[in-house]
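Common to both upcoming complexes is chain A, partnered first by chain B, then by chain C.
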Partner chain A sequence: MKTLVFLEHHEGKLQKDALGVLGKAVSLGGEVEAVLLGEGVEGLATEAGKHGASRVYVADDVLLAAPLPQPRVDALESLVNDGGHDTVLFAATVLSADIAAGLAARLDAGLNWDLTDLVEADGRLVGKRPALGDSVYVDVGWTSEPRLALIRSGTFEATETGGTAEVEKIEPRLQDFSLAARMVEQAHEESEGPSIEDADMIVAGGRGLGGPENFALVEELAKALGGAVAATRAVVDAGWYPYAAQVGQTGKTVSPKLYVAVGISGAIQHKVGMQSSGLIVAINKDPNAPIFEYADLGVVGDLHEIVPQLTELVRARKAA
Partner chain B sequence: MKIAVCAKYVPEATAQRRLDPQTKRLDRSGEGTLNQFDIHAVEEALRLKEAYGDGEVVIVSLGPERALEALRKALAMGADRVVLVSDEGAAGSDLVATSRVLAAALEREGADLVLFGQQANDSDGAVLWAAVADRLQRPLISQVAELSHEDEKVLGKRQTEFGYDVIEAPLPAVVAVSDAINEPRYPSLKGIMGAKKKPQETVSLGDLGVGAGAAGEAGSRTEVNALSEPPARGETMKIEDDGSAAEKIVQFLQEKKVL
Partner chain C sequence: MRPADYPPPFDLDEFVAAPGEPEIEVGVLVVGAGPAGLACAVRLGQLLEEAPELAERLGEVPVAVLEKGKQAGSHLLSGAVVNPRSLRRLFKDRVRTDEMPFLGRVEHESVYFLTPKRALRIPAPPTMRNSGNYVASLSQLGRWLADQAEEAGAVILPETTGHKLLLGDGRVRGVQTGDKGRGRNGEELPNFVLGDEVHAKVTVLAEGTQGHLTGIALERFALQGDNPQVWALGVKEVWKVAKPLDSVIHTMGWPLRAGAKYREFGGSFIYPMGEDMITIGMVVGLDYRDVELSVHDVLQELKTHPLVRKLLEGGERVAWGAKTIPEGGFLALPRRLHAPGLLIAGDGAGLVNVPALKGIHYAVESGRLAAEAAFAALQRGEAPGRRGALAGYDEALEQSFVWSDLKQVRNMRPAFGRGFWLGGAMAGAMTASRGNFPPGHASLEHDADQELFRTDRAKSYPVSDGKLTFDKLSSVFLSGNQTRDDARNHLRVRDRVPPEIAELWARMCPAQVYEVGDDAGDGDVHVEVTPSNCVQCGAITAKGGRLTPPEGGSGPEYKLT
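Moving on to the complex of A and B:
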């Protein structure tokens, strides 16, 4: 097996999930290499070596400065074709999913996504993918090489093994159409107040609230519990609540003692950000909402009735 | 401005979904519908066309014959016509095969803009647009929550793990929209009545020049080998609110010693 791991980085740091995937690749055995694409990223190769990469390919190019997928597909195409990697692994992010799918088309290679494990069975690589709201697990495979895989975020923990990687510079040729899209602006909001990542109690609101004004219900309950307020991607994207409070795949991963989900259907993108919470209580009017499949206590009902009552009872209890 | 919207026919969300133990594929024998996420893409296409004052919105889909009825919802909303690629030889297509077939259908349309919804609600796939954009050799913007168009360019604002990006792409381009981008309209009665009369074309792989070995299982590079139970999780409890739900939650929290 010769594996290539795509290492995503942000503001001079390697992504933890990508290092986790690198560690997994090392544990599967064979030759494990990694690739860093960007501008001024060579310094990150040392850390990749500590996490088990024997060689790190580095492309330092101003055209790779913005985190856009298409030029990265060009770079990986030639790297995989020249390097003969039989497996290419990505930690799933907004960026890497687009890169992996573009590369699959380019190389006519199989891509399996949302994997929560990779194992070797009878000399073949098998991916484990939860399906239908995680109600069933599917063993997926590849019928040709290279095999491409996107690993669900938060799946493998990064561990240092203390190695040193050989650095090899590459100069990828980028295609015109790959450079046609242009990053105009990147707005990275800083969070205000206590971080939801540190909170013991979280009350989260979703689209079921009906409108931004109803976030007051969530805030009141959070205040009564002495906790923080979180939100789903849908309501953040809709502008109801700031991005800093977002929990889920493209937001924060939290593990409070108590997570109260209010008007949240519980799509997989949300679940991955909160499933390790101690206790999950969900209030939703839709009895078929996926969140009821993993909430410790699910309440089917009208949040406008239940949440204010709950806030009152919690206040009374705390005052007692 | 010509806009193509890629839409998928998926099982009804309310239907009990199951994987066929034989084929290990999703059982698609029940009622089907237009993928909810794609309806946002249809809505965005209609808004762009309306703002531009002229143009055409074409729905492009790969699916069984009976998908036509579900795709008519897009026509009822205001889309102009449907092109459905329907072919036994395309059944079981994975990402590489599906993207090849769709790209061939889109090449034939030559739209200025190709729109996708955020994900398929049956397979949870959220990658197809990038494979299609690569095959069409067009610029791509994904996860777009705000889209604008001017001077032969589109500007998309999208969310990533780190905040927001604003990305610009010249037309022709491929854009995948998030479900936060708009509130889709409901089809009017007139729209529903008129939908049946709009052009609905069914094409085969042969019509698109896609060879038999390039689609379906033969054209795919991934396989599903086995199904298994998910790892056990703790007990879950579900109650209906009868007016005492708040009290029951408090009791539960006290039992679990978090309150």
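Moving on to the complex of A and C:
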């Protein structure tokens, strides 16, 4: 097996999910290489090496500065054709999904998407894809090489193995039609603290908070922990918090080390977005709330009393 | 207090438009890939195969089928025990019965009257006998029929709703499909795509229960009969079980209440689906009056009965869904099922035999007859838009077994408005007299016209244990519904209503779409609506609101129902 992992980066940092996918590729064995496309990205190759890549291809080109898919499809096409990779893996993002689809068309290759695991069975690579609202897992395979796969965000955790990678510079030839699109503007949604997909700690608020003003409780606790704020569909629907913070079936899937659910009943639509969190703590006044069935630690009580005290304790501990 | 006193903000004119420039022109446009629409498409394909010059004249797409679900079958749900008669007639020697996607022939059947702890076996009423019939998943049957229709040359357009009826010169000219990518309040999102005008020589509405364009057409062409349509709501689950069930079971009585004042007409069905699955469902007439009645919760209650619990023991729930059933029967049929350029078939026309618990074979039969009428008019070179050009459809349907079956049982459903015991006795007399006793026609009232009252019904609903009994949200999840949260709200209900009305909707809706909101002053409350939970069962239209088409491709993703 010769695997190529596409490493996405933003603002000079490698994306955590991509490193997680790299780690998974290494654990499957064989030759694992990675590719970095962008402007001024060579420095990131060291980190890729620490996460297990034996070789990192780096294309440093001003034409690759903007996060546009087509030039990257060009680069990957020639790289895979020359390098003879039999497997190409992507951590799913808006950009990588575009690239993977384009690459599949160029190489006439099969692409499996939304995978939550990769295993080797009887010498063949098998992907696991959740279906029917995550209630069953479908085994998917490929009938030809190269095999392309998009891994669902938040699936594999990045772990350092402490290796070093050989860096190989490449100069991709870009097609004229690939340069037809240009980046007009990039804007960021204003938010404090880490984004919920990247955060190690998340404090999430639900309808049990009683009103949008009480989100302050959640924000204070998140700030004390150095984490991000998430919300349930019900409160996003009600306009208490922006959609970007929504966790669940129709929102984001997160897997922080700590997930504190405040005033969240924990319907399955929410559970599927956060069930792979490390430690789940639930604070809810209803002892029959479904969230207590899968929380590691459950506190039955009034969140208005408990959350401010918890915030104080965290602050005191951090100060000490 | 009656739900009808709080009509929804709904204007028919919003869903009618004059035809402009067509994006797509087809020969016959079928709206709805269910048993009626697909049977129609299959039959048209068979007929056009024999008439190549007509097929040529109809252009590149002689037959197209619009389907609002992700694929054919996505929104199909029924019991279902199917009488194979119409499917055999449709396919003749092309497909054998054993090649149809049935899950087993009915070998044994039993009917029970339930009390809270006991089950009394009673003789099956003659209308309910099922020997020679087959158990099927209508969702699977729909997918199979779609394959047959495509093989016969039809083009199926999934994820596409029929949004507006295109009317010009007093006739139906086609359909405007629904827009995509609108936000909650109708605003255009970055991925906005405008709907298309699909023009057709004949439009066949086969939309199923609570058909949207069907409702518009019935009103626009004044096709309604003397009696209003009435509905029932069915909620069902599919279970993977340890031991096979060898018989088709129906129950009456508990958890429904027999008293006439409650108007709780209905019962349950429990069918084997092959060796390792069982389907179980509860159907209740929507003329019920208790604000606290919830068909979903009554089904959960039913599963705690010893008879049922035993069947499900060690099993696992694998599917859930809900759908309304038109129950008015013969009395509620439209005056005509055709208008210039238009035919109406299947459940949308109300072709359901309530005492027999059957409608699929009528849907197939009416779809086939609609195809033949459309074909005959086109073959004659006649403009199908001419008045009466499609009248052959009504004539053929009136000559068919569909009509005689429905006529015979016409007064059965209204009789049960008098409660279980008297209704049951009258139903027996009607059956014995083949519909001649009592003489004349009974009448029906709108479901939304029933006076409401409240009992403490909800106290007896079991708490969800996640094993045998389930809440509504986890059920919606199991339906495969992944509608985006910011999709346009397709449900029309009053925002401010008395608390009883809001609670009626909240309890009634099996998908937890409605919640009783904050105080709105003057004793009223706001109604909180979560449209993305909606599985498009249609109950809200029967009980004081209006379901309009959601974005194409949204809603449940039924596979086994």
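Methods note: the second predicted complex is superposed on the first by the 191 of 320 C-alpha atoms of A that agree within 3 Å, B and C clash if a C-alpha of one lies under 4 Å from a C-alpha of the other, contacts with A are read in each partner's own complex, and residues count from 1 in each chain.
One rule holds for everything that comes next: contacts are C-beta pairs under 8 Å (C-beta built on N, C-alpha and C of every residue); 3 or more make two chains touch, one makes a residue touch a chain.
Keep in mind it's a predicted model, so treat the numbers as computed, not measured.
When both complexes are overlaid on chain A, the residue A:Gly83 reaches neither chain B nor chain C. Within the superposed three-chain model, A:Trp142 lies in touch with chain B and out of touch with chain C [touch as defined at top].
By the touch criterion stated above, A:Gly52 is placed in contact with neither chain B nor chain C. When the two complexes are overlaid on their common chain A, residue A:Asp302 makes contact with chain B while staying clear of chain C. In the superposition on chain A, contact is made by A:Arg233 with both chain B and chain C.
Once chain A of one complex is fitted onto chain A of the other, the partner contacts of A:Gly23 are absent, as it touches neither chain B nor chain C. Of the two partner chains placed by superposition, only chain B is touched by A:Trp113; chain C is not. By the touch criterion defined above, A:Thr250 reaches both chain B and chain C.
Contacts of A:Pro172 after superposition: neither chain B nor chain C is touched. Between chain B and chain C, B touches the greater number of residues of chain A. The contact surfaces that chain B and chain C form on chain A in the two complexes overlap at residues 132, 135, 233-234, 236-237, 243, 249-251, 268, 288, 293.
Every residue of chain A that touches chain C in the complex is listed here, in rising order: 132-133, 135, 233-234, 236-237, 243, 246, 249-251, 267-269, 288, 290, 293. Put simply, chain A touches chain B in their complex at residues 10, 67-70, 73, 93-95, 97-106, 108-114, 126, 130-132, 134-144, 150, 175, 177, 180-189, 201, 225, 233-234, 236-238, 243, 249-251, 257-258, 268, 278-279, 281, 283, 287-288, 292-302, 305-306, 309-310, 312-314, 317.
Residues 13-14, 17-19, 24, 26, 94-96, 99-100, 123-135, 137-143, 145, 155, 158-170, 173, 178-181, 220-230, 233-241, 243, 245-250, 252-254, 256, 258-259 of chain B are the ones touching chain A in the complex. Against chain A, the residues of chain C that register as touching in their complex are 463, 466, 471, 473-474, 476-478, 480-486, 530, 532, 557, 559.
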